[in-house]
Amino acid sequence: MVKLGIQLGAGMRLRGDFEGLVDCRGGSIDRSIFWDREIYDAELQRIFARCWIFLAHESQIQNPGDFVTTYMGEDAVIVCRRKGGAIGAFLNSCTHRGNRVCLADYGNARRFVCNYHGWAFGLGGELLAVPEQQAYADERSLFDQTTLGLKAVAQVDSYKGLVFGTFDPNAPPLTEYLGAFTYYLDVLLDAEEGGTEVLGGCLKALMSCNWKLPAENFTGDAYHVQWTHQAGASAMISQRQFAYDLDRSYAANVNGHGSEFGLDGVANVAVLGHPEIVKYFRQRRATVAARLGELRAQMWGSVSSANVFPSLSFLSGVNTLRTWIPRGPHTTELRTWVIANKAMPDEIKELLRTATPRAFSPSGVLEMDDGENWELSTRAMAGVATRKERLHYGMGLHTRIDHPQLPGNVYQGQLSDANQLAFYQKWADLMSSPGPFERQDHMVAP
Amino acid sequence: MVKLGIQLGAGMRLRGDFEGLVDCRGGSIDRSIFWDREIYDAELQRIFARCWIFLAHESQIQNPGDFVTTYMGEDAVIVCRRKGGAIGAFLNSCTHRGNRVCLADYGNARRFVCNYHGWAFGLGGELLAVPEQQAYADERSLFDQTTLGLKAVAQVDSYKGLVFGTFDPNAPPLTEYLGAFTYYLDVLLDAEEGGTEVLGGCLKALMSCNWKLPAENFTGDAYHVQWTHQAGASAMISQRQFAYDLDRSYAANVNGHGSEFGLDGVANVAVLGHPEIVKYFRQRRATVAARLGELRAQMWGSVSSANVFPSLSFLSGVNTLRTWIPRGPHTTELRTWVIANKAMPDEIKELLRTATPRAFSPSGVLEMDDGENWELSTRAMAGVATRKERLHYGMGLHTRIDHPQLPGNVYQGQLSDANQLAFYQKWADLMSSPGPFERQDHMVAP
Amino acid sequence: MVKLGIQLGAGMRLRGDFEGLVDCRGGSIDRSIFWDREIYDAELQRIFARCWIFLAHESQIQNPGDFVTTYMGEDAVIVCRRKGGAIGAFLNSCTHRGNRVCLADYGNARRFVCNYHGWAFGLGGELLAVPEQQAYADERSLFDQTTLGLKAVAQVDSYKGLVFGTFDPNAPPLTEYLGAFTYYLDVLLDAEEGGTEVLGGCLKALMSCNWKLPAENFTGDAYHVQWTHQAGASAMISQRQFAYDLDRSYAANVNGHGSEFGLDGVANVAVLGHPEIVKYFRQRRATVAARLGELRAQMWGSVSSANVFPSLSFLSGVNTLRTWIPRGPHTTELRTWVIANKAMPDEIKELLRTATPRAFSPSGVLEMDDGENWELSTRAMAGVATRKERLHYGMGLHTRIDHPQLPGNVYQGQLSDANQLAFYQKWADLMSSPGPFERQDHMVAP
Amino acid sequence: MSEASVAHAGISRDLRDEVVAFLYREARFLDHADYDSWLALLAEDIRYVIQASPALYRRDGGARENDIAHMDDGLADLRRRIKRFQDAAAWAEDPPTRHCHIITNIEVEATDNKDEFQVYSAFVNARGRFELEDVIMAGRREDIVRNGEDGLRLVSRRVFLTQNVLLSRNINTFL
Amino acid sequence: MSEASVAHAGISRDLRDEVVAFLYREARFLDHADYDSWLALLAEDIRYVIQASPALYRRDGGARENDIAHMDDGLADLRRRIKRFQDAAAWAEDPPTRHCHIITNIEVEATDNKDEFQVYSAFVNARGRFELEDVIMAGRREDIVRNGEDGLRLVSRRVFLTQNVLLSRNINTFL
Amino acid sequence: MSEASVAHAGISRDLRDEVVAFLYREARFLDHADYDSWLALLAEDIRYVIQASPALYRRDGGARENDIAHMDDGLADLRRRIKRFQDAAAWAEDPPTRHCHIITNIEVEATDNKDEFQVYSAFVNARGRFELEDVIMAGRREDIVRNGEDGLRLVSRRVFLTQNVLLSRNINTFL
């Protein structure tokens, strides 16, 4: 057996290799995971082709034929609302010669017709018709219309408006994948009656960084807020120093998903710079408490961040939702949306439409100070001597607590690397076993 | 024995590997051949360093000293007319420090003098003189003027005006390589007395696609014409729908070369939008029949396309000639020329000079609809789940016929993937055995 | 054991492989060393992470807190003057998440504070303080302030104003590394009382060439001067033809460092086009002779070039100092400075400030003819047939002499490839044994 | 879709020259990161928008005017952005960006309001940072410029980029 | 090779302003893919050429004027290109390209024909498509503009690109 | 850091038009590598500088005016550069570079010297070479232009690039 193509080397099958890169007990990470192309190639197979990946918000595809295009790893995918109301998700690549079938970011379509030879696919990806079909009439053409549809994403499911998909038919169900993390997700998704919706479209930017750096940032890095964002905070809320309240803040993680949060109720909201929105959050607190309980009502709008493994992040209160799409080991495409509770009055939604991206989007006042850190961190890994030095992830490793209400692995205070290490442990676990698309014949014998 | 450099892995020596990528009986192709860098690197060695590659049209280098520069794979080559009339072809890289020796696209030169240290090479690539030659006088300088010329292309030969070269000294002769495909080539090259010439220079464009996609398109893809080109056809000939006449059209392939063609006589010509040219083709039909026979006289100017393996394509009647130069696994440089019969009157040539590129060149009305398909097909292959899905090449596999006049493997009707599969079978055959420049010491032991 | 990441393949440990690429007896070089990425990756580990690399000129960092940023290979490094006067050099990458710590080219700093989380490092790279340090209080945080400083360059030392560093703690001392080459270096560094200084800042340009091509050029390539620079010489000194005086010129190399030089005393100076500077050199000749001896006083300002292995080059008389920073196998960043003797009067320094870059800098009249040669040489190596042809390095291999004064391997006349071959022999020696950062577990078993 | 081709109908040459000078001066202020001078060019009621540029099929129409935008600011919002730009703790602005705002294709047209003018322009924007970063964007602008007592003021700007996904991490300037 | 340096000899300021407005308006039509309005700016006898830019040694002279060209069109030919641009089945034009034609360096000179003027200009052209594609070209133009009864019309254009090999797959606009 | 916003104070429209024409003509000469004509636009006492653009922290101030520069030339020095450009043995200039100098944002201001004017401009420069090379730089210029007996002459130019490390091997033109 021999190696061929830029497939995985045999070593990737050995659990030990990737685990050595991530030392969750010792609190250190090998920098090569942010740089090496072979590791990146393995991530596409073992992380992005296996995990449940965020595809769309249901409000983007409300009517039959509504579609958005997105990526699972580097695989282009069409997500659309089918006639019966079900959601279809399938590869955006023609089964004939591979051409991209849908070229728009979003829209409404009755069917997707490939530009090259005109093969037409339905809202479920099924092959509807091909021009000159009589040329395929003979059985030697091996033309089986039922197998020539756009390859469906193996599983598609929604959680309270967020649509996810996985290429792995053997992946556990979405509810199991999210597990108890839904407790934290609900602060974003279920604080008010009627659920959420996305306001307007999407802002996108290409960053020269490895995708894991922003993902780990949102999963647990409250620590950077005080230093990185002091100019932004000063501009938005005329307050330079952010003080951590470790007694009333936590980090928690479940299955590699993580969130850090305070209980102040308005610090994230305030950063938008609109007292009206703060007031709205204050007014609605009691109602939210009735839905989610007192504790989560206090989380709602508090200083916090969260990431659903591998790459879906959000900020409650700031109302930003975003994914970090991998586009190479040193390149990430950020896509950001404004998410709002449907129950919010129009005035609040209209404020969020401009205020959320003003604070958090590629050119947001606060976000502008993040991107450079991730890019320069990535770039530094180019050095062979630099790559030899492991990074320190030891903060607050002693803060693990049991909490009567908070599920998952819980830590006292926002200042810890615990969630980040849980993120990388999940990463290492997945990286240490083959993904669904690895072929035996592409591997070196051990 | 160990692996070194970006040379081929040992697997490449095993015929089975590449054959698995191309299933000509089952009518399917593995998408990795359009994406993987290692496969591309192997192609440079096993396809482009071994096949007969188009170098120039003789009319471009009529006089002694006339030269053009081109590429065989990624190897830069100078092609020039030597004093005695023979054609020289040699590497465009100095034997001293490797500098590019000729920097122009074309021109006339008495010799090629390297810019770095002034070594001067003759029209046959031979080393003429070096500055300060006395410094090489001692035998310990290992300076053998006879071996320090620019490395000649191993074999150079012409077929009716088209100059080809191969780096493989053991390659079969050009006539054997082209084989019976000359029957089809002659429709382009020998329809009228006096042969052909290239009009004006060359138009070039870089496309973000794998080179095989345009090559397979020209080798047999009549199927795309109807759908891809309907806007272009409408603009040029006010006719939206192209109707295939399967009773009077064919596909044929020989040694991996392929052509599909109708017998309508003017459909390709018409697309230029000049009735005068159509009229000329009609008027000359009888004379052509006298040269090539009735059948080929009907092919002349008909809707058709052709590709000489690996990457020289043309359209009879449209009078475009082009090569697809590989510049990486996802990048191809298109070079296009206008080719005309010398016997054509000046008015017709003058019309072709502008009309051919207006229809077929990077910015041609019809060609503008092709490039995007090839680029987007290539780009889709970035996805690991996408790459797992094989492409369908099953059309018209039942149409094989024996034809009393047409040589090679012949298929009834223009609608089939037969030529494409023959193209990829040739590809797989070549890829499964080492090329002339593979060194034993660069390979892993099996 | 298995291969992982873009680390070295096992073959790199075998001395024989790299030696086969460089044949110093036969006077030939395999072109793949200018092209292959795997060879380049090995160079970063075995050349740039092991040799003494030029970091700065002491005059750039005279006062405490003065710093410059530079690269050792692709590793970003900060070089600064510490409080006590010692020179610190350490990785420009935070130990926390890897962010680049210093973003300026040069300046004065009391400390280096990381933009991401505010970790503050001292002028010796030591970790001074971190925000919210109490979060690291528990011992399970594995927070050892003494080990979390910016990783120091293993050894730092100066030679007459030039600061060098090496990542290899086992590297021989700088004096041993330079060895007898200091004899030649002193012509630049010690011709006049008081040593040297750099005038103004740095000019930088990215070239699409392999770093070894300019380095070998400066180490010994007098041969190109006559041909490459004839237009520049004509413009600067109205003299088209440069005549080599082989009786009064030499090449010499020590440990892979090399210099070629005449004894004319002013040919390099003259190229600046200012008679005043030539006059100054003439006037000072006797004084220089008193310091360095008669022979070296004649070398001072003569046509000459030199390279300290691997990538620090200079031209005496022209007063240019430069490094060739590798930025990929086909990309090199040139950084150039003007170096002057402190003893020179202000008028001469002011002339040099503009005249040196006018002749030698990215846009210098003479240098503009060099870059294209190196870029086009590199680009030519893309071809597989081209890469098969070895380059000729046979000039003047018979000119080895013993000289009563000149140390090292000495050759009569400037016209030889001897220094270049010594450069590549040093390269092959280093490439054939593992560098300090190669990990056993990243290698394939033999 | 044709349009009358009367050049500069109803616009005096003086005004045109003023507008051109106004936009060039604005670009120079931005190149020098002189944001206080830039603010002085804006009307109190300015609306400043940098649109998103999604790829949409023709049949789905263009992007909605009130879609999410890279920037959709009033004067107070712009002041906040500038407050950050000028803050010594805006780490990502130090060392400063090397800005270049290339402004061309300036056309001035009358509007229903005799004191306000529709101004079209096109631009190339180059931004250098650190050692190797040099980012280029191009696009169009549609402005409303008001001619008031204290000279010209920018009342409205809508910026269209050719980039859908920004090919750089942010827009740390005004366009 | 020297040239007299009398600025705009014999060209009135009004005409110059008209020409500038004409070229800016043309650019705006092209940016908006308003090809019908663009066609209305062309003379019946227009010759529109985008030259090839081969690399040739000085001793071999420049490229021949009648060399093969990216475009070498009369009005009927341009109409055909536009017919395709506007065809709903021009798949490669949907979603639309995001165009930006930056026009500068406009100089107007008299010719032997008192109604026709030699106009020089330079340009940067940016085209965005899909998600990540953003292509930039630069070059020069030499136009003949005719001043007729119904205003200015473009009689001749010759476009010189700095690119030899087009670094994008096509030129799906006019320059 | 605010600045008075009086447009073109004390500068006649004629002069402004002359300066614009002067800079456009200069760009055309450079595009055509017509260096003799270009030289004729320079004053005898010209100082021509293309600055380095190092990345420096704000606290360290900007680069010193007399720092090492890509070019810092007087007329004799420029003549030398041109002598090389025009030398048949300047191998790196043959085949010729395909130049395009895009000049915009031209502003003219008075100086203390009534015959000399401060002129601001911005530029994009594109250079094509060989087959695939196409290099773009952008930046600003600050000129002093003198209005003398024989017309306008360039007395001083200082060029600021957005690039710190040149992203191409050289600057084989004037900016």
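Lettered A, B, C, D, E and F in written order, each chain numbered from 1.
The rule is short, and it goes like this: a contact is a pair of C-beta atoms (placed from the backbone, for glycine too) under 8 Å apart; a residue touches a chain by one contact, two chains touch by 3 or more.
These figures come from a predicted structure and were not determined experimentally.
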Chains contacting each of chain B and chain E, listed by label: A, F
Type of chain D:chain E copy interface by residue overlap (half), same or different: different
Where chain C and chain D are represented by their mean Cα positions, the distance between them in whole Å: 45
Chain centre separation (chain B, chain D; CA means) in Å: 48
Of all residues in chain B, the ones touching two or more other chains: 103-105, 115, 204, 206, 228, 369, 372
Interface hub residues of chain E, defined as touching at least two other chains: 13, 55-57, 88, 91-92, 94-95, 102, 104, 124, 130-132, 136, 164-165, 167
Chain pairs in mutual contact under the definition given at the outset: A-B, A-C, A-D, A-E, B-C, B-E, B-F, C-D, C-F, D-E, D-F, E-F
Of all residues in chain D, those that touch chain C in their complex: 91-92, 94-95, 130-132
Touching residues (chain side chain E, partner chain F) in the complex: 1-3, 5, 7-8, 13, 16, 53, 55-58, 102, 104-107, 120, 122-124, 136, 138-140, 160-165, 167
Footprint of chain E on chain F - complex, ascending: 13, 17-18, 21-22, 24-25, 27-29, 31, 34-37, 40-41, 88, 94-96, 98-104, 124, 126-132, 134, 136, 151
Sites on chain A touched by chain C in the complex: 9-12, 14, 17, 20, 26-28, 31-32, 34, 36-39, 213, 223-224, 226-228, 244, 246, 369, 372-373, 376-389, 391-392, 394-399, 413, 415-416, 446
Residues of chain C defined as touching chain D within the complex: 103-105, 115, 204, 206
